[in-house]
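Order as written gives the chain letters A, B and C; numbering starts at 1 within each chain.
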Amino acid sequence: MEYLLNQLVNGICQGSIYALMAIGYSVIVGVVGMVTFTYGEIMMIGAFGAFYSFQFFGNNLALAIVMAFASSFLLGIVVYKVCYERFFNAPRHIALLCTIGFSMLMKNLVQIVFGPEQKPMINIINNATYTLRLGSVAVDFKLLQIVVMLLVILFAVSLTLFFNRTRWGVALRAVSQNKQAAYMMGINVKRTAMLGNCIGCGFGGIAGILLSIYYYTVSSTIWGNFSMKAFSASVLGGLVDLRLSALGGLCMGIIENLGITISSATFRDVFSFAFLIVILVIRPQGFAAKKGSRV
Amino acid sequence: MAEQTLTRVPLLEAQGICKYFGGLKAVDHVDMTICQGDIFGIIGPNGAGKTTFFNICTGIFTPTQGRIFFCGEDITAMSPEAVAQKRIARTFQNLQLFKFMTVLENVKIGCHIKTKSNMFDAILHTPTFKRDEAFTTEKSLEILKRIGLFDFRDTLAGNLSYGMQRKVEIARALALDPKILLLDEPAAGMNPLETKALMEFIQALNADGYTIAVIEHDMKFVMNSCNRILVLNFGQKILEGTPAEVKTNPEVQSAYFGKGMVAGEAIR
Amino acid sequence: MSKVQAFYHKHRTILLLAVFAALCVLPFVVTKALFVRYACNILLFATLAGSLNAINGYSGQMCLGQAGFFAIGAYVCAIFSTRFGVNFWLLLPISGVFAAMVGLLVALPTLKLQGIYLSIVTLGASEIIRIIAQTWEPVTGGALGIKNIPYPWLFGLDTFRPKYYYFIFLLIGVLFLLVTNRVLKSRVGRAWISIREDQIAAKSLGVQTSFYKSLNFMYGAFWAGVVGCAYAPFVNYIEASQFSTDTGFNVLAMIVIGGQGTLLGPILGSMIVTVLTESLRFLDNWRYVIYAVIIIMMMWLRPQGIAGASHSVLAGGKIKRKPVRREGARSHG
């Protein structure tokens, strides 16, 4: 019971990182209207940006997050130019294959430039652990987990505010709902789509740094699976709804961590993908109320 | 066309069909009876729910309420494939052609339900396969000859002109040997000459015993060829009757042609 | 181009026979064992890419998980031949059937899904298969894999030499092409293509799209399984990391570069990719960079692939037409 509760806490924490990933992914899918397989590599660039920020500018978490956001944001521009801009009117699989190619490119370039080995991420937050006693059961919270969760909430809220309160945010929402109509209203659809893609990528970068802090390592190889998990989580949320995607990410984190308590840690990915497949079979639209056929 | 009042056998019947998309009542309590041998026209202003109604008849949509009967059999909840197996063929308003297949191949797919060779037949070239292929080819070429596309049989369907693409769609539907043929705006995009030829073709088909239901905006076409007409407006049925009835019905005129217009002018 | 095509159509049988004969003598002409090994790889991947092409190129479903079916075939072969000593030639169809069953399992939940959902489910399924292969130690040997898979019998030839194993791949490849060609020119193939072109229209003509889509999936998976079965004894040692998603993407890249929806495309793609990655081996990781750039360039410049004419929706949905009136010639993907 105690173990299970602890795993639940781990699950919620990991799930909240997934939620951030999923939010970023949903922004991309919503605004650009196409899915991406480069997301993992974008997260990786964010993580590397943070890694080098720690190395050169000292142990400053805020700066590292800004660096992660910025590096992924900039990569987002490249991704947009290479994979999306030309293909708005082409069949969807072309842009998809382009992102697969780009993901291969990034993965190998990073291995060449930064080396293929895993790098230890600096332990930015101390290892303090707090124990919460509920009667006879004790639940452990690491400080790291609390910080991660708070950061995720902070970013999710700020993104929501951005979308609802700013002019750019409203333009992004308009583009996400109907490109044609947005175009008629005088919105520069291509530029807005690029901005949306970059913001989504930036959030991916932040998720990347949080993940690497959480696992204490940065590597250039493991990110493909996270790309798929981000996708799965946003599928659970119906692909374009930010809040539901976040919920999907949270659920996936919890399911994974509860799943590995009843089996072994190697089955982590099996649980998340099996969960996705089951959801798609039962309810293809995910948690969303209506079938979203835009993507 | 003379009135056929003697032996009218109902073929396709719709009873109280409703289709709501959220709050929008696309089709609202529409009844219809198409009888054997009819050329049945469905007219109405844009957005009247004509195409939605067709989609319900062919199983693409399931109606919110109401039933569809074909030859007395309830086909309301059937999938489009199953409906097609009942020999209800249709064409589409916005041309859903297999554009990157040749015209002949397009028509050959229409023969799909009348053949049954499977994959192993194809691999081993069994007699069933050979018979099916021979039948398919012969039948398709025959239809193409009839509709006048024989010379274009090896052209990609997407390369043809708009009017010809419409013809390919009709040819494809004819390959099903349909008991009823549902045509969704067959003359859209055709020039007057083509329209006239198409009209004659449809009448010829009807003379051969095909029952035809057609959505069309071309009034001349509808009034001259159809023997029964259903008028829809905002999803509701205004009238079902003969062209003469439709012409004189004031409600139709106000709904369809707008109030204050001199009736008959637009019709004639 | 059209001259070449006309020539090809005129002397089709002779040309194909000549190519076949050339392929038959190839291992005796090329004496260097390494090159013969490359030739084996090309044939292997040509057939694997062909099986993926049967799915992606002809019914327009976007399968990303071909590595999974490939793995099933390889593992079935490895397990049955090392544990029970089943004959390789018997195992070929058995592996295929196993893979086809898994293909059906994957296809069933995805029938209602479209495009990208299907892709992600296939990708997820392939990952699940790999992870299971990696962890199910009693059966698949876990991370250690399965060693010493017996070489097949081929008229008493030493099939452990690539020179002779080559003929097994050649046989499978030719068989695949013959069978697929026949299937595609039949009622079944037409149904697949009609689904690719326009699913609603196909339905309205009575094509049971669900049935034909799962059949298509099973067909592709079957051949991937067969190829996997031939692959296992060839490398003599299999383990899960050989069947990662990267392998799947590799095969996908082959059909993209070669051209989807044509029988020639996967062969060309396999040749190009294999030659490229093998000959640039000295460049290390840079060769994958070049490879990735080629994929992106392909998408930019010629999305239908090298062999692909614009004869398909896959080409970008544009059709060259002389009259000016252009309708949006697009699929509903």
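In this text, contacts are C-beta pairs under 8 Å (C-beta built on N, C-alpha and C of every residue); 3 or more make two chains touch, one makes a residue touch a chain.
This one's a predicted model, so the numbers in the text were calculated from it and none came from an experiment.
Enquirer: Farthest chain from chain B, going by mean C-alpha coordinates, please.
Expert: A
Enquirer: Indicate, using Cα centroids, the chain positioned nearest the centre of all protein chains shown.
Expert: Centroid comparison flags C as closest.
Enquirer: Please work out the Cα centroid separation of chain A and chain C, and write it as a whole number of Å.
Expert: Taking the average C-alpha coordinate of chain A and of chain C, the gap between them is 32 Å.
Enquirer: Using mean CA coordinates as chain centres, what's the gap between chain B and chain C in Å?
Expert: Whole-Å distance between the two chain centres: 41.
Enquirer: Distance between chain A and chain B based on Cα centroids, please, to the nearest Å.
Expert: 49
Enquirer: Specify, in ascending order, the residues of chain C that touch 2 or more different other chains.
Expert: 313
Enquirer: Report the residues of chain A in contact with chain C in the complex, numbered from low to high.
Expert: That would be residues 35, 82-83, 86-87, 89-98, 100-102, 104-105, 107-109, 111-112, 116, 224-225, 228, 231-232, 235, 264, 266-267, 269-270, 273-274, 276-277, 280-281, 284, 293, 295 of chain A.
Enquirer: Along chain C, where are the residues that touch chain A in the complex?
Expert: The contact residues of chain C facing chain A are 62, 109-110, 112-117, 119-121, 123-125, 127-128, 131-132, 134-135, 245, 249, 252-253, 256, 285-286, 288-289, 291-293, 295-296, 299-300, 303, 313-314, 316-317, 330-331, 333.
Enquirer: Quick one: in the complex, what on chain B touches chain C?
Expert: Counting only chain B, the residues touching chain C are 58, 60, 79-81, 84-85, 89-90, 92, 95-101, 105, 108-110, 112-113, 115, 117-119, 121-123, 125, 129, 132-133, 136, 156, 158-159, 161-162, 172-173, 175-176.
Enquirer: State the interface residues of chain C toward chain B in the complex, per the touch definition above.
Expert: My answer: residues 179, 182-183, 185-191, 193-194, 197-198, 200-209, 215, 219, 310-313, 315, 319-323, 325, 327, 329.
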